[in-house]
Amino acid sequence: ARCGFPEVVLCQGKTPEQAAAIAERLAQAHGRFLATRATPEHFAVVRGRVPDATYHEIARVIRLDRAPAPPRPGYVAVVCAGTGDLPVAEEAAVTLEAMGSAVRRIYDVGVAGLHRLLGQVGAIRQAAVVVVVAGMEGALASVVGGLVDRPVVAVPTSVGYGASLGGLAALLAMLNSCAPGVTVVNIDNGFGAGYAAATIHRAIWEGRERSGGA
Amino acid sequence: ARCGFPEVVLCQGKTPEQAAAIAERLAQAHGRFLATRATPEHFAVVRGRVPDATYHEIARVIRLDRAPAPPRPGYVAVVCAGTGDLPVAEEAAVTLEAMGSAVRRIYDVGVAGLHRLLGQVGAIRQAAVVVVVAGMEGALASVVGGLVDRPVVAVPTSVGYGASLGGLAALLAMLNSCAPGVTVVNIDNGFGAGYAAATIHRAIWEGRERSGGA
Amino acid sequence: ARCGFPEVVLCQGKTPEQAAAIAERLAQAHGRFLATRATPEHFAVVRGRVPDATYHEIARVIRLDRAPAPPRPGYVAVVCAGTGDLPVAEEAAVTLEAMGSAVRRIYDVGVAGLHRLLGQVGAIRQAAVVVVVAGMEGALASVVGGLVDRPVVAVPTSVGYGASLGGLAALLAMLNSCAPGVTVVNIDNGFGAGYAAATIHRAIWEGRERSGGA
Amino acid sequence: ARCGFPEVVLCQGKTPEQAAAIAERLAQAHGRFLATRATPEHFAVVRGRVPDATYHEIARVIRLDRAPAPPRPGYVAVVCAGTGDLPVAEEAAVTLEAMGSAVRRIYDVGVAGLHRLLGQVGAIRQAAVVVVVAGMEGALASVVGGLVDRPVVAVPTSVGYGASLGGLAALLAMLNSCAPGVTVVNIDNGFGAGYAAATIHRAIWEGRERSGGA
Amino acid sequence: ARCGFPEVVLCQGKTPEQAAAIAERLAQAHGRFLATRATPEHFAVVRGRVPDATYHEIARVIRLDRAPAPPRPGYVAVVCAGTGDLPVAEEAAVTLEAMGSAVRRIYDVGVAGLHRLLGQVGAIRQAAVVVVVAGMEGALASVVGGLVDRPVVAVPTSVGYGASLGGLAALLAMLNSCAPGVTVVNIDNGFGAGYAAATIHRAIWEGRERSGGA
Amino acid sequence: ARCGFPEVVLCQGKTPEQAAAIAERLAQAHGRFLATRATPEHFAVVRGRVPDATYHEIARVIRLDRAPAPPRPGYVAVVCAGTGDLPVAEEAAVTLEAMGSAVRRIYDVGVAGLHRLLGQVGAIRQAAVVVVVAGMEGALASVVGGLVDRPVVAVPTSVGYGASLGGLAALLAMLNSCAPGVTVVNIDNGFGAGYAAATIHRAIWEGRERSGGA
Amino acid sequence: ARCGFPEVVLCQGKTPEQAAAIAERLAQAHGRFLATRATPEHFAVVRGRVPDATYHEIARVIRLDRAPAPPRPGYVAVVCAGTGDLPVAEEAAVTLEAMGSAVRRIYDVGVAGLHRLLGQVGAIRQAAVVVVVAGMEGALASVVGGLVDRPVVAVPTSVGYGASLGGLAALLAMLNSCAPGVTVVNIDNGFGAGYAAATIHRAIWEGRERSGGA
Amino acid sequence: ARCGFPEVVLCQGKTPEQAAAIAERLAQAHGRFLATRATPEHFAVVRGRVPDATYHEIARVIRLDRAPAPPRPGYVAVVCAGTGDLPVAEEAAVTLEAMGSAVRRIYDVGVAGLHRLLGQVGAIRQAAVVVVVAGMEGALASVVGGLVDRPVVAVPTSVGYGASLGGLAALLAMLNSCAPGVTVVNIDNGFGAGYAAATIHRAIWEGRERSGGA
């Protein structure tokens, strides 16, 4: 239904043709969809069948929304440590937008240059929900978690080498965050973080009634 | 402040005397506190100094709230797989209550007996937020995540032996949940899950204004 | 002998020429064989020497059976979570068929959409043996194990990324299944699961006499 | 029902009182139960409430069966490498007996003394199902798997030190068995292996009809 | 020699008698020593033989220095995240003092409460060398490393549970620090960090000549 | 500022164009920069925009310093085990030179040929700081650490196969060095080791005043 | 010297030109050398400079010995499980031959077909030293270790997939061998096993005198 | 037989009574045995039944040899890094003596104090076989392996903490030794190293004939 989230296709592990067939079907049935982990090759074939679909290159996401609703009030902050983490941060951001949340991108604020992060505290604190994206040692999640009292969803990335163990170092760090209330998704799972944050954001605006309150 | 969350003491790694000293100070300053991972020995000494503190034995939590506010409307569901997971589920539940959320306990609904879980779907779907607690293979988080469209916070527990690797098997499973939007906290971290869920629940009731909406 | 299982060649780690030489020898000696992990390149060379061999592309299996026996009564259910798991599920299915078991394919029934799985419970319960194939968090094995009282062989797959650790997350989950009696084979080992299930299925039909019963 | 398996209680993680309360309830309702990982302390309290329950000390199992059915024809072989593996082997054996399967114990046949194992090949081959229990390097599963064409369920044990990694070495070895068709359960999970083997054994005797055959 | 570092005894793995015998010999030969990982039981026996030895209880260190030299100018900052990390921080601090470096203790400045850390930046920046001690996610090392341009030695601690993996999470985080130039020692190795920092501090004061400069 | 370290660009994960844009900007603003993990492709594009930049092929580093200061007195020894470790050793050496430290390269002195290492002890002992680079079992760090009383920074490399686990074996060995005071950086992180050693070397020459001494 | 072992070059990580330069130098100085992990590309360039060098393709070894001594009496058995293990077995065998030991190759005797192994027990028992090469679960080392009382050197290989973890499963199994006296080298390290076995074999023939005996 | 090795009992995992029963039986049948991992409690009961058995406390070994043969000529060197490694070194030494090899103990020669090791090179080089015992980073094996051309058997120990991972760091280091020909046994397996070294030593003295030589 219009009020729900769009259907999502994971292109990784599917051929462009397979992805495009699903996309075309969803376009006809619902007029919207989200396709993640899409390569330019995927998009080339999808565009042949769904000409009004758009491609977010850094996010690796194909999107269609023929009747976009206005985003719900407030915004989700997507906070990102380094340039290597951008694809994951953008995957979260585009997912959020596709699911009806406005996004405020606060990028390149890794903890090694704390002043840049501190200059953005106001914008982060005013967010309805915060998504934190960081690789290497993933310390940004703890620092942000300590600065705000909003829900924080942390995404470890596989940026790094050697003892970063493909993102495990950041994942473990985020799970052990000394700032209470930080929750975590899988390594590089920008989609999952965006989906979870949009679910929380939607709950803020639709939830009082559904929770039986008044 | 009264509208914020109480201060929290982690008793693990502290002597009963150390814990009691902090508890007494917090009782005088704020009239409330939460002390987690508290043994009966911790409580014995704390009670000597703060006689109106109460002890939740299964949850291993000491609590004081001299001027409890009425809980916010709606409830958080704490869904738990097996009896071995109860201490972690109760740590989450008591944390939630201390932070102002009503809790609906839905226990002993592991996926090996799916009918019991399915009999509770209504109560889980009406929750504002869902906390899922499971050890061993942690499959409950995926199944619940697929059944509801509310925010889901999953807690893996160290229940199991051998290849459960002290809870790592359940942690990894929850991080790889095929149900989108499930977020995860550290193994056995009922406190962290409760804190995160209470933060979300509070955001639902206080959040529209703060998020700049109307 | 005709009543036994065919010889099996593992093509992985063999050149097309090496695989074809073995296949030709088995074709002459026994009139049947199974070759697993075969690429189209393997099949191209094998077909040159054994023209009546057939190739199961998704399963990556080459098969020859010049005098196929009718399958034994009853069937083995191959239950599969997602489309990424199909190659492993098909490897199990084709192995079962080559070893004389009819197969009922029940695909795309991951636990995030529980209704699809529940719609197939009847067909799963009527199976003689059940093979469950799932990647990511591998929860399907526990749910199916709880729904049936037949032997269940679980195959974790390497589908996933990040904390799926190349299939280890699903493997550990399946080993810790809270549903008793689930047994497990190596990651992506559809062949092994099919072989084990066929061994059990055969034992059901040939076993009473051999087990000293009447 | 009488034809099904008894209810099972896992005593580990339960106090003797908790275990005894459940046992008493099951004794009244069904006249039988199985309680695993039971210490002598558990048994002392259970016996107080269910005087006719018996304790298998090495297996750490408490059993009650007031109306035992005759075991189904044929037997399950429990094959065990060393004396350190005995508790796990006995847990499997007693579970099998409680579930209606006769057991043939073939112990102390580790592969370092191959002649002892070879002297028992006849008895192993005549079994309906084979359970193999081994710690350290777990090689026994592969050797037995190569010697028989019956279903083989392998149980790694935590016997060993250093690089045995608490049983992980044996677990990994068994999952990589070069003998096809060996399936594996969790480290030290004698109960699970016994349950799976009894399920297969029962399927052999009850299964033709249920599998739709004739 | 007087200008070198004292001999060091690691008490862990030695009986009180063994430790005391070595301590007595060093006291006679050099008039000073350092004994780490010493329990009160170790100290009781050491004091019997070397009455002027002193015991640092939190640091678990026994020290003797009958002719202490004045500490070299400047100081080493020991920066510590939480109260659970104190034993390791104190082991580093007492090691530094025994090796001739003045220490400035800056404790309880974990990143979840960033304002406390920022209030100490001046004192940290004026240090000759900085030792950072933190468990859980170990983020403090990255934040401090980004704030100062002095040599930083990081010590991960085993404080935490679950996915902290006995300190591995903090160790990996520190090795992946996004602040360049942070070096790391073993988990809980306060002695090693103190020794390395004292070596650097000494090099600053004795080093120009030895480095061939003028 | 002239007295500080140059800005550093990590080329890995950046396209040649991205790296060149940053390099050009740094060249104009500061007249110097360091770009690590640069491929010949990166250099080709950088040279097009910054013609006086130079490329250190083995070190994979691009450097620009239009007004090089004379190196500070004394030198840093870069000690290297095998030829496979050369890229990492050179990354450390070039980083040191870019940061104002003279370097003495002592290569091919792995512990399997101890005489070669012993022949260089004099040169190593006269260094202000020592960087040790080794893969496989990383034993060189312990041996060098035992031979000198200067600060030692150890870099494990990913040279090796099988149980070297991509450099983890050397990393763990260096963290457990029995020679006190060895500190460690991430696997293959020659840049980090060079940066840390240059920080220490600079502290030796600039540090007395800053440390409050006289 | 003529009585010692030849110099050895590890080609992995070296360009064909680098390898050939070293080979040419060794050919001139000693008239013999061994170059392991050599690709056909390496050999093409080496042959250009040392025309009488020979290439063992499966073993990936280049060898030169212009004045080969007669092999010492007796032989080393190289026992190998599967065809995938052949490159490692041959690397061991060619290393042994280059170092003066005659080799008896006993291949394709994996434990899943125990009869083939038992048919070779005589030849294995008559060997001076035994090298066992196996991947997957590595059980062959334990079985052979139990059958002979000669020194046994085991080599795990990376043959396998999934839970073989790149050879770690076989490595751990061999380290935990229940047959006493089996020693182990690194995964895929045929060279190391051959070198160790040749050292033992040489000690048998030259050792009495050197060991101070008569 | 007299010329073979004595039977060995592993006391770990056996009660004193069980161990004593086996010991008594072996004493009567063979007049000798070796019992490893024996606690003083084990010895107390064994001595009651076999009064002439002796206990090696540090080695944790009980030994009986009523008709000891003169040791074979030459000796095995047992080289040990630190005092914490003594129990493992002694287990190897006593095993060697029980199996007929004279032992030369060369202890406390860790690589951090290289001069002590170098002072013993002569004695190590004259050994028939060398056993190297070391924990922490295990570097001693590589250094000794590079100094001698005799067979070297390395034993990693669990001495260490944190990133020593219970001996895994030393194990991995030894497996990756850059000195060719070092072979390795399980962590803390002094028995296995002694057994392997005695097998090699025996082969040196009995082997020429058995190897078919003259």
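Going by the order they are written in, the chains are A, B, C, D, E, F, G and H; count residues from 1 in each one.
We take it that a contact is a pair of C-beta atoms (placed from the backbone, for glycine too) under 8 Å apart; a residue touches a chain by one contact, two chains touch by 3 or more.
Computed from a predicted model, the values in this text were never measured in an experiment.
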Identify the chains in contact with chain B as well as chain G, in label order.
C, D
Using Cα averages as centroids, what's the distance between chain E and chain F in whole Å?
25
Approximate Å spacing (C-alpha centroids) for the pair chain D, chain G:
42
Separation of chain C from chain E, taking each centre as the mean of its C-alpha atoms, in whole Å
58
Between chain C and chain F, what distance separates the C-alpha centroids? Give it in angstrom.
52
Using the touch rule from the top of the page, what residues of chain B touch 2 or more other chains?
162-164, 168, 171, 175-176, 180, 186
All touching chain pairs, where touch follows the definition stated at the start:
A-B, A-C, A-E, A-F, B-C, B-D, B-E, C-D, C-G, D-G, D-H, E-F, E-H, F-G, F-H, G-H
What does chain G use to touch chain H in their complex?
4-5, 8, 72-75, 126-129, 149-151, 153, 171, 175-176, 180-186, 191-193, 195-196, 199-200, 203-205, 207-208, 210-214
Which of the residues in chain G end up touching chain C in this complex?
83-84, 159, 161-164
Residues of chain F touching chain A in the complex:
12-14, 156, 158, 166-168, 171, 186-189
Note: in the complex, chain G contacts chain D through residues 81-82, 110-114, 136-139, 141-143, 145-147, 160, 162-165, 168-170, 172-180
